[in-house]
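First comes the structure, then the notes that go with it.
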Amino acid sequence: MALEVESREEIVDERGNEVSELVINVGPSHPSTHGVCRVITHLDGEIVTKAEPVIGYLHRGIEKMAENRTYLQIVPLTDRLDYVGSMYSNWAYCRAVERLAGIRVPERAEYLRVIVCEMQRIASHMMSLGSAAGDTGAATMFIYAFDERERIVELFEELCGARLTYNYVRPGGVSYDTPEDWFDTLLEFTRKHRTALHEMDRLFFGNVIARGRMKGIGVLSAADAVGWGASGPVARGSGVNWDLRKHDSYSVYPRFDFDVPTGSNGDAYDRARCRLFECFESCRIIEQAVAQIGEGPFKAEGAPRLLKPRPGEAYDHIESARGSLGVYIVSDGSERPYRVKFRSPAFCNLALLPLLAQGHTLSDLVVILGSLDPVFGEVDR
Amino acid sequence: MSGSVFTGYTGGLIWGLGGGLVIAIATLFGVWWERKVAGRIQMRLGPQTTGPFGLLQTVADMVKLLLKEDITPTQADAPVFRVAPLIVFVPIAMAVTVIPFAAGWAPLDTSVGMLFFLAVPSVSVIGILMAGWSSGNSYATLGGLRGAAQMISYELPRTLSVLSVVLLAGSLRPVEVMEAWRWWFIPLNGIGFLVYFISSVAECNRGPFDIPEAESELVAGYFADYSGIRWAIFMMSEYGGVIAASLFGAALFLGGWAWAPGLFGTAIFLLLTVVLVTAMIWIKWTFPRMRMDQLMNTAWKVLTPMALLQIAIIGVVIAWL
Amino acid sequence: MALDNGARHDQVGAPERTPEVVPLSVNVSNEFSPGVKGFFQKWKSLATGIRITAGRAAAGPKTLRYPAEKVTLSDRWRGALRLRGVLGIDDIPILHEPSITHNALVDRLNREERLSPCMGNCPANVDARGQNYFMAEDRGPEAYELVRERNIMPGVLGRICHHPCESACRRNYYDEPIAIRPLHRLAYEAYEREKSSRLLPLPVTKSQKVAVIGSGPSGLAAAFDLMQLGYQVVAFEKEDKPGGALYSGVPSYRLPREVLHGEIDNLVAMRLDLRCGIEIGVDVPIDHLIGEFDAVLIAAGLQESRILPIPGADAKEGVVGALPFLKEANWKGDAGVKGKRVLVIGGGNVAVDCARCALRVGAAEVRLACLEGDQEMPCHPWEIEEALDEGVIAMCSLGPEEVLTKDGRVVGMKMRECLSVFDPVGRFSPQFGDNYSTFETDVVVFSIGQAPTLRDVVAGSDLVLTERGLLPVDGTLFTTDIPKVFACGEVVTGPGSAIGSIATGHEAATSIHRYLAGQSLQEDRTPRPVPIYAKYEKATLDGVEESRRRVVMPMAKPEARSEDFSQVELGLTHLEGLQEAARCLRCQSEVCVGCTFCARTCPDYAIQVERIDDPGGRRVTRYELDLTKCCFCGLCAEQCPTDALCHTGQYELSFYHRDLAVFDREEMLRSGAGTRATGQDGTHHIDPEEASLS
Amino acid sequence: MAIVDKLGESLNGSGGGIILTSVDAVVDWSRGHSLWAMPMGTACCAMELIAASFNKFDFDRHGTFPRPDPRHCDVMVVAGTVTRKMAPAIMRLYAQMPDPKWVIAMGNCAVSGGIFYYDSYSVIRGVDEFLPVDVHIAGCPPRPESLQDAVLQLRERITTESIAPGKRHVRELLLPTNGDVSLHENGDRE
Amino acid sequence: MNIQELRDHLCGQHPDLCPLFSIEFGDGVLQVDCETLYEAAENLQSLGFDRLGMLTAVDFGDHFEMVYRLTSRSMSVGMFLKCAVPRETPRTRSLVPLWPAALWQEREVYDMFGIEFDGHPDLRRILLPPDWVGFPLRKDYRDDRLIRRPDYI
């Protein structure tokens, strides 16, 4: 809402400087900032002349806290980073820890991680698509997308007993094996989900108004995408074919056959539709993974309670729903890390907002912000 | 009924107050109906626990809003701010009075009824501008300006679309139009009805044309700083506008009471109105919101030509008859 | 793969894929057609939208009608935490179960994941958790009696057991395991002090009589079980003193004979008819027993040492088997090796015993040669460690090639390098290299395995031995070819541990009881033991407080103890025993013991636990969970060794006042706590005045 | 608010206890059944807040739906972590809400800082440091049902309120709370 | 391309950087002097490292270490670029002219560590309020409002 946290004063300031601009403050609590982002927007009429994101409203100091937690205790913290896709932060963090501590992960655990992360990708993209649609006023599309997400959340609840903060991927494996019949439910979901995706594609992406709202808005060139460190659907929407699952194929991803959807215009529409297509690909990966997964342990055996990796540093990254999510850990050999850094894709993607929003209208600003899909838990950390 | 208190200035006043009351009550049901329909579209239930089928939900809302604190922001232009909701509401309540509800009867039966209906609600643009400007809030200001531009733009296609019916019926008096109404008006006025419907939606600031109050951009637009009963009046005018436009459309384009004699006709008329209201709700909850420039493009480049095409068709038909 | 080099640890056989071969597959941009077609496409898209929403509306709502209709929670749902029990209010369950039904109990607990790991990993399923509980409460005699139910001689096993319970102890995961075995010994000592009042003869309630051949651990275990059931049991021992392998094979520096015989005397006092010096098959034919008794149990053990058929092994002097060697050393204190050089062949526990005995009987130099590498020796690591401390020289990865003799006397041993012992499948199949080495020695002790000598025992009966001299026995029911005759112990299992033998004794007793009572032998029987717990990696101990560390067993000085047969392990003091027993986590007892692991693992530090550790008064005095800090991650419940801390399905946790969400110990113990979610006991109403606080 | 205040004052002053009680019943009913939520979603809990208003859980059944504009809202649902940087904005939004207004602190971060209680330099330990919180929901994040439950609890709590200033009806609250846990001294927990 | 090939490639193209290149824990690390950081980064960019993935700092007590994670799409390889910044004068050169991605990330490092970047167009606090005192991720950061965790493992 209303937002006006300081705008009045600023307008006066600006007026005092004889600027014929209207400065309005979008956020930090505004329905379409997807969290707590404030965008100081300079308007000429309705045209944005300058949009300056102010972030940090959700900065909780997780990186500092991590220096005071044991390696296992950090896993719940990572849940709260990217709260739309907790599994990713779990996994990226655990990969870095495993790299540092030299833990081998059983194959079944790797498959389970891939499955939950692809489910998480669907869930996250559903949230992103939904809120992008919500930004353009299509509240019903939001609910349809969220309904799909709800199905995945139910599956996650079956799997690990939580709806949002899963704490599922742990150093050395995962915390639970799958319940009975879980895979059957999952496969049934992927089957139905495809239908729902097609429906949403026609309802929203085929709609003349939605296309009008999103086509040609916030065009990001491929060169800019690379230079600004954009990743994930934001980069791929601009035609940058960069997906860590393919190009740094970690875990068991090389065993799956899937495509990388890319856009050609680099506008908000391509970014959003990239996400839609990635959901199809995720369904494919899930189905292949369920077919391939074998019996076995889901956790590295006998890992001690207190991990004390060797001194050193490790960086590992995965392709989250928002892009390449990296975790950099420096260990001094004690039971607590010396420094943990989360390279959050949303942070880097959000930096593009001033570039993209300039010259568009205020209405487009929220569409562009939505198409960058920031999750402020991750942006601010 | 000439000479009765129900005509002239006193009549206008009485019927105007009556219209306001009807709109207020209709709004209660309208909001309830919208929440139910929207819920259904969204696979939800909508209000359910307050009263049977949640029917008392809007009553509770209304009572609560009445008792809410009535905030006038310190930076607001207080007198303008306070009066703006009424300036939006009164014209809408007045407009209802010319609608031919039953065979041969409209509360305010004037010879320029059609014009009255189209012209009077336009006054609420001023109220919206006042509300937006006086709030002293940049969102509200933007919303008010957007609203004014939008409503003025859509006046034209809407008026033109009504013109085709007027041409066919040969009268500006709603009751006479209704008496002249035949079922083949429907196919003949198809395009006109579409134009009327869409521009009515836009006139009422309803989705997908709700950009003056765009929730995701302007939070609540021109009434962002209104609370309690004053905001309720804004909501009533919005729903009043929807109901009035639906009543008028159901009468002119769908035949209203002309389908059957007596109270039956009125029942059919109200049923058709509900259908139109539902349609408006439905498209609001189905489509994304337009952007300002798209909105203008639609008005001037799509709807106005379509309305002109309709008039041309009617002209040809009349000439041919 | 590529962003990182090949050192990636989890890369599972992935083919390399380079970006060039990745198809630039799906392009997501799409446009309306230009012109009139596009105009109609646009209107059609609107109609499509209406159609889709109409379809969804027709499909009906998916809403749950809360609070009338509840969501079905997954049974893994991580709701509010509660405790099942707290030490000081609830006692931990003590599993006093007759041997007959003990297996069923263990199986049920195992299925319900409520079996403590120590009990599960013990072949005889001794309730070590219960013992530790009693020991911590300073109730030693009760602990002894509890252990004795499954472990016939706690005092003996408390000295010689290879304690699989300790390797499975969940404490391994956090720091160090509980000293369960030394606590057996302490329990025995406590019992001995109160023996007079506690040791009562068992009543004979049944007329049937059972004969047990052999008085080793397995025979006595079976005898004790049967005596408890009211049978009359007669045990025959061919030596003069009872104890079987414990008497003849286990050196007395590990097991003082007074302890062994004290334990057996206790059994005798409980009306075990023990007849020593009677060798079945020689003094009394087995047929006679079969005729006289209602059932016969053969628990004769292994009597014969194997000697490798290599050149020179038949030397007249200087080549001995392990068992005769130990017997001589144990009984006489002199095995004829004084001042000589001894080479023990073999890497098992018996070999180590031989080596250590040899030192004690005055050998000048003792070497131990085994096939296996130093990390894979089959003996227990602590055994070889103690032996090395005492001065035994271990030589690994050497295979015996030839005993060098001179005039029928051993002078040396030729050894060959051994490359590997087992083939990839895990079968014993040593591969030798080409390096030979020779050692001078006077005596070679072969400790490469034992075999039963049952020919005499079964002579004249219908029992038929296999070609290798073994008695064909069912491994689950312990029956032989003759219905009346059963067998247990190492006769059946081959060389094994004492506690393993005891376990077979219990099984055989069950079979005998069923046989005598006319019940089905097979019903609900599974092969025992069922190994269920995996090993732990060694936990890192730095940062672990001293109070959490395992008590150190005092040992005699190596140079002093290798001189004679005095005890090596000196035993814990009473106080040490109490403290050590208090370390026990009471796994799966569903009673919070205040171990603080939940508080330590909690990422939010929301849990505070305090306890009193006084002997006999161990109480959890404070358990406080600040639910408003809890992040419901579930780490604490996963860590909880006793399973006392668990998630409930409660998710409606609304409070008018923030402090109401701080759960103390009593609140943690309340189950369900009346909410809409659980529908249980909504009897607690809040005072409106209190509700209006905040 | 003024009208209601005056009404309440006069009813209370003139000894119109019965009338006051019935008026209060109507007023409390309408307020309790029309709790429009100001979704102050800052972090993870916002997801469950969204879920609560969407199709599976459907807040709207109880007459509660999120309005983004504080001027139209009755109850602020603070869902998520509140940092020092964010707190002034929340205070401002709360100030913008018209009376009568309530606050639900959803999730442990909003209740006490939760997982960020220790070692975080920027998180405020509970919004009750600067807002009068009526209902706290523990959970991380709470289920959407918990939020519905909290709204229903708040509704019951509203039934104790009166339009007469300073007056409070003593009613037995039917909803179970979490037991007879006595209030702890604040001192020993800090 | 694996890390060995990368080293060969680097040594072939820029022999002066070669001695600074080491392989630690499976990642290539180029440890340079902060004065030459910009030039090294420029060289690496021309070598094909087109993405600046991560940029952060680590407080090692006596000095800060700047850590840059560079990845190359064409070579499909990633590496670290590091330089030690003295604690007394925490300044180094901004990489914004090379990669705009550094724009916000350097602001974050400034916010958290107080390291200043020469040539950064807009060096302000980004996550914390502008009036914040101190740099939280420094090891010696003290804050009265911070409650320290109970001290047990």
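Should a chain be cited, it is by its letter among A, B, C, D and E, assigned in written order, with residues numbered from 1 in that chain.
Assume a contact is a pair of C-beta atoms (placed from the backbone, for glycine too) under 8 Å apart; a residue touches a chain by one contact, two chains touch by 3 or more.
Please read these numbers as outputs of a predicted model, since none were measured by experiment.
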item	value
Connectivity without subunit D (remaining chains kept where they are)	one piece
Most remote chain, CA-based centroid, reference being subunit B	C
Identity of the chain that, by mean CA position, is farthest from subunit A	C
Pair joined by the larger number of C-beta contacts - B-C, B-D	B-D
Closest chain to the centre of mass proxy, which here is the mean CA position	A
Gap in Å, rounded to a whole number, between the CA centres of subunit B and subunit A	42
Whole-Å gap separating subunit C and subunit E, where each centre is the average of the chain's CA atoms	52
Whole-Å separation of chain centres (CA-atom averages), subunit B against subunit E	61
Subunit A-subunit D separation of Cα centroids, rounded to whole Å	31
Touching two or more other chains - residues of subunit A	1-4, 30-31, 56, 59, 61, 64, 68-69, 76-77, 79-80, 99, 140, 143-144, 147, 165, 203, 207, 209, 247-248, 306, 317, 335
Multi-partner residues of subunit B (each touching 2 or more other chains)	39, 41-45, 48, 215, 219-220, 224-225, 285-287
Touching two or more other chains - residue numbers and ranges from subunit D	54-56, 58, 61, 68-69, 71, 85, 96, 115, 117-122, 140, 143
Touching residues (chain side subunit B, partner subunit A) in the complex	38, 41-44, 75, 137-139, 142, 207-208, 210-211, 214-220, 224-225, 285-294
Partner subunit C, residues of subunit B touching it in the complex	39-45, 48, 282-283, 285-287
Subunit A to subunit C touching residues, read off their complex	69, 72-77, 79-80, 95, 98-99, 102-105, 107, 110, 140, 144, 147, 157-162, 165, 167, 175-176, 179, 199, 202-203, 205-209, 211, 215, 237, 241, 244, 246-255, 259-265, 269-270, 273-274, 276-277, 281, 301-306, 308, 316-317, 335
Complex interface listing, subunit C residues touching subunit B	46, 49-50, 52-53, 56-57, 59-63, 65
Complex interface listing, subunit A residues touching subunit B	1-4, 7-8, 11, 22-24, 30-32, 46, 133-141, 143-144, 147, 203-204, 207, 209-210, 212-213, 361-366
